[in-house]
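Both complexes shown next keep chain A, but they swap its partner, so chain B is in the first and chain C is in the second.
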Partner chain A sequence: MSKQSSIAKRDKTILLILLGVFSIGQLFPLVWLVDFSLCKSGDVYGANILKIPSPPQYINYIVAWRDGKIPQYFINSVIVNFVSVFLVVLFSLMMGYAFVRMNWKWSNRVLTYVLLGLMIPIHATLLPNFVIFRQLNILDSYFALIIPYVAFSLPQAVFLMTGFIGSIPRALEESAIIDGCGIFRILFQIILPLSKPALVTVTVTTFLNTWNEFIMAATYLTSDRFRTLPFSVYNFAGQYASNYAVQFAVMTIVALPSLIVYIALNEQVTKGVTLGAVKG
Partner chain B sequence: MQKVLSDKKTILLLVLPGLLIYTFAILFPIILSIYLGMTDWSGIGKPNFIGLENFKKIIFSDTTFWKSLRNAIFLALAYVFVQHPIALIFAIMIDKIGGKPEKVFRTIFFIPCVIPVVVTSRMWVSLYDPQYGLINKILDFLHLGFLKQQWLGDMKTALISVIIICMWQGFGWALLIYYAGLKGIPEELYEAARIDGATGFKLYTKITVPLLKPVIKVNFTIAIIYALKQMETVYLTTNGGPGDASQFLANYLYIRAFNSYQYGYANAISVLFVIACLAVNIFFQKIFKSENYEF
Partner chain C sequence: MSKRTLKVFISVLLVTVMIVSLLAGFQGTFTASASTKKTVEIKFFSNLPDRTSNQGKLEQMLIDSYMKANPNVKIKVEALQDEPYKQKFKVYVATNQMPDIFMVWGQPSFFLPVMKGGYAAEIKPEQIKNYGFKTSSLKDFMYNGKIYGLPRNTDFMVLYYNKGLFSKYNVKVPTTFSELLDAAKVFRKNGIAPIAINGKDKWILAILYQELVVKESGDQKLIYDAISKKSVSKNQILLKAAKDLVELVNVGGFQDAFVAADYGAANNLFAQEKAAMYYMGSWEVGMAANPNFSDSFKKNVDATYFPIISGGKGKKTDILAWHGGGYAVSANSKVKNEAMKLLLYMMHPTRWAKIGWQQGLVVPGQNWEKFMTGKETVLQKKLTQIFSSATSVSGTVWQDAFTPNFKTEAETLCQMLVAKAITPEKFLSKIEELAKLEVK
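Entry: the complex of A and B
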């Protein structure tokens, strides 16, 4: 608090203006995009940097929604992401507990092995996984995305969970064990509720990563059936190459879910990013 | 108590599902990649074992491979010397301002980082468009029309244009990490320095920056690894072109595999790519080992 009182009102105004101007600059491309998504397609060729759409062409959004197959891709994205996030949360909770609280000889070595995943770039597995998935006949299915999404989210999630579980006092578990509780009841009735802040962070960061993921989806999905939301944008670039307004509308629609999740849960995202960065 | 916590069956049940999926999708593929890298496989038919032939060819005569690495180094330098100083200054400003604006600005600056890369990349393709793009329009508006370019399509400007997209998108990341670091510096240290007569700029050069050193190093490491791993933005904007002017490793191996059907060769690049990432990671962890990070 002393920080606030230590700066003068005049300095504060200068800071506000500087930050304001720069943040407008940083967001301006997005404003431009949304602006022209509401104009007629040809308007973008005019000399104006921004243009007041008169009247706003909501029809662009209707076309984008329909021809971008938004409902179909959205449902695919929801299925892939919910399953992935659920599995990451469950597995990282279980693994975190086993690494931190349970006694076994290989605990540290296995943990190191999992955290090694933080250093491995996903792109290095694109080619071999394509071959493996093709051999197993799971290319072009939800599995082709869920498996790598879970695998690549686990190292980060396990890292966060081991740190968090380690900070929970042991007293509750000890008395539960004396009362005859098994590990699974301890895990789901004591540790799970106590770990809620860490689990929310894991959920949000995993969600944002997998929801926005494109390159694996582009590699492992060959037909339209299982494609996820980013494909709406990708398909449109070819199909509607000259209809910019509709292209911009589809981009706006696809950006919205992540934006809403981020604004609603921005404390958790911030925490996830900064915690993850330590080991990045 | 000990018995419950040492039960081997339970431990296996807790660890195995995650461990299997991780091994299956990360470790096993990389081992397979090492093998495929030693073949001349095209993706169909039988792989033909050729030993280290691919690796030799890549290291000694593949100019695009080296160009990709060089581009990654340019991107890393841009992160470290352009993006980071600005991010740090803005992190300090946000931290200083306090109250509600602090939260609002922190949120705003991170927005580009949460928007799907497909959207930001396509958006920048439009921004750079020579006919209707915002960039050329702004140049016209500022009477700098002579600077107008075919940004992404020109050999001379393609790489720098891609680097600008990357810096724009990642700015919030760098800022947030510095911001978190600033929050970890105890206010008493500033008080003490003020009592000793330090003011304004001196407070930052003598206290903020030195105490932020561990965070700066972490942020540098992340930036360099990010530069090395760059793929999505390039894939969706220039696809490495024109020629190999804006090529990056991950995108290059992808092209070799799926556009030229040189699956074995691409896997060899992939292996070198993993080695480069691991080496950078280990190198930075070694030289920063003595520091302890606090957040």
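Entry: the complex of A and C
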């Protein structure tokens, strides 16, 4: 008995050490980012991996906030992200339900068609979209970002939702129908609360993708008015030398919301991915 | 889900729809009102997203003062960093939506297709008569004898060095290649990186190779001619220069892992006084006044010619120099005349050249010596002296003188050479193969 427990203890220590090493490896870039965001630009790339900033250059954050136009870009990012995430969640729920539960002629083929979107590289769409948006006269507006963001996030979201909705027992819906539920009540009052884990996963992945997206934003926007947060990093990039420390400060500020979203919803995300996988 | 949550959900949906449609309406009215106003709007596309320091600051300063002097003109700046800039530039070209005034690299691999395609407006010689541009400096902005762009800076290569480190280890500042090798050995022994270089960026290696070719041959045209005529692999001078480069690597002439070092890494290594020399272009003139660097470094930094090679025919005053960035006006612009006026305003010698030089922001494309105030930093003075004493200049560096593909491949080959993945002989035969494929 005592031998067994000592083995268990040893295993646990090894596991803890392994996990410890792994988490240090994962967290180090963040620590490094914050550390050098408080140093002078010339300190980056020194001999030391980390450097105690003396004195800490808080001015970097002030400069980042002011010259990086963070407040304005932040509002734009929030608007674009919230609308995109909301639309993706709504559409993927409705589409997922339609593909899994409803019987219609082209159901499978349309699903395949939607999922084909997973394979389209962003760069291939820049030019055609630019032309289309110009003709629609929506270049340089929130739509120019929201539409492609929703389009690019939908295939993955639909993929997740179809898998997940398939795992919900039909009996629940059957009893709802007996109680007199219509389709929309089934969808929003039965399916929606049950699919919470999958919807959270969709929310987080869509949010992370669109929050950091740059190349589409750079192509479809021209004026400063609609620019999103990733642009503020580039506000400190020179043709040759860049102001690294301030860039790091910007990145720290930009990374915070995604970090918070992920930490807050972390557990739900793992649940959402695995639950959908079993019966997918 | 309760009835309440359903209601909330539906109202959120409705609000979103309303906001979206409102925004659409707002945007429509916005564009309509802009077109009815009488102000002129000029779209300015720049590769300098940092508007608060260096060239970006200068550009913004001139734009602001132009708008102040011309209240009816509104200049909308769009600034992206190099790579996104090139990406979006292609989109603009493909959709015929060129901004009214845009930045161009005066390299055939970038600007020649733009000029050939008729996207840039012609600039008449009489418009820039008193601007101090030499015909030679406009060469890369010309096509069929017509001028299509104006260069903003002069770029040339020098060897920056740290006076303090040289005197500390009692090393002579190298004037010949063998002295450079000796100096490298001494610094190596003392744990100082001899030359800091950004080998990851590749272009610097190709430029250094050309520097050695010029110092060996004394003939600025040699490397271009050899490639155009596709007779590279048999050329003894090109071979010798490649061997020199490898020798410099073999004595440990560059910092450890220099092939993986990017621009900032090499720059900071030198600025933190951990490297004795730094092979880089004149655009680093601001190092001597950069608040991010230590005072000790700023006191010690200096610049000199790249060393000559004993037995070679090149003089120290045969330098690599060219005009990199510049501006052009769109040929199809609706406000072409206004945009041209803005360009001529900015590039007037008393503006970009004078202000840029006196604030230590740039080494201008026009003659700047008449704007010297005597308050220049050591680097500004040394660079002026090096450039004004030049007996020959290279023009666009060899890898940029042909096609974009040639540039990528040639630079990769240079990196393979210094990483000793290929021998100097193999390097030359590969360059020759590449020339046969890419150069007509």
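What we mean here is this: the second predicted complex is superposed on the first by the 211 of 280 C-alpha atoms of A that agree within 3 Å, B and C clash if a C-alpha of one lies under 4 Å from a C-alpha of the other, contacts with A are read in each partner's own complex, and residues count from 1 in each chain.
Here is the rule we use: a contact is a pair of C-beta atoms (placed from the backbone, for glycine too) under 8 Å apart; a residue touches a chain by one contact, two chains touch by 3 or more.
Bear in mind that the values here come from a model prediction, so they are computed numbers and not experimental data.
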Contacts of A:W211 with chain B and chain C, given as first, second, both or neither: first
Contacts of A:A8 with chain B and chain C, given as first, second, both or neither: neither
Touching partner for A:G117 - first (chain B), second (chain C), both, neither: first
Which superposed partner A:A171 touches (first chain B, second chain C, both, neither): neither
Touched partner set for A:K40, first chain B, second chain C, both or neither: second
Touching partner for A:A237 - first (chain B), second (chain C), both, neither: both
Which superposed partner A:I52 touches (first chain B, second chain C, both, neither): neither
First (chain B), second (chain C), both or neither touched by A:N137: second
Dominant toucher of chain A (residue count), chain B or chain C: B
Residues of chain A contacting chain B in one complex and chain C in the other: 44-45, 47, 87, 126-127, 130-131, 214-215, 219, 234, 237, 244
Contact footprint of chain A on chain C as seen in their complex: 1, 6, 9, 12-13, 16, 19-20, 23-24, 27-28, 31, 43, 47-56, 76, 78, 80-82, 84, 87-88, 90-91, 94-95, 97, 263-265, 267-269, 271-272, 274, 283-284, 290, 292-294, 325
Chain A to chain C touching residues, read off their complex: 40-47, 67, 83, 86-87, 90, 126-127, 130-131, 134, 137-138, 141-143, 185, 188-190, 192-193, 214-215, 218-219, 222-223, 231, 234-245
Residues of chain B touching chain A in the complex: 1-2, 4-8, 10-11, 13-15, 17-19, 21-22, 24-26, 28-30, 32-33, 36, 90, 93-99, 101, 105-112, 114-119, 122-127, 131-132, 134, 137-138, 140-141, 168, 171, 173, 176-177, 180, 187, 191, 218-219, 221-222, 225, 228-229, 231-232, 235-236, 250, 253-254, 257-258, 263, 266-267, 270-271, 273-274, 277-278, 281, 293, 295
Chain B contact footprint on chain A (complex, rising order): 2-4, 7, 12, 15-16, 18-19, 22-23, 26-30, 32-33, 44-45, 47-49, 87, 91-92, 94-95, 97-99, 101-104, 110, 114, 117, 119-121, 123-132, 147-148, 150-152, 154-155, 158, 174, 177-178, 182-184, 187, 208, 211-212, 214-215, 219, 229-230, 233-234, 237, 244, 247-248, 251, 254-255, 258-259, 261-263, 266, 269-270, 273-275, 277-278, 280
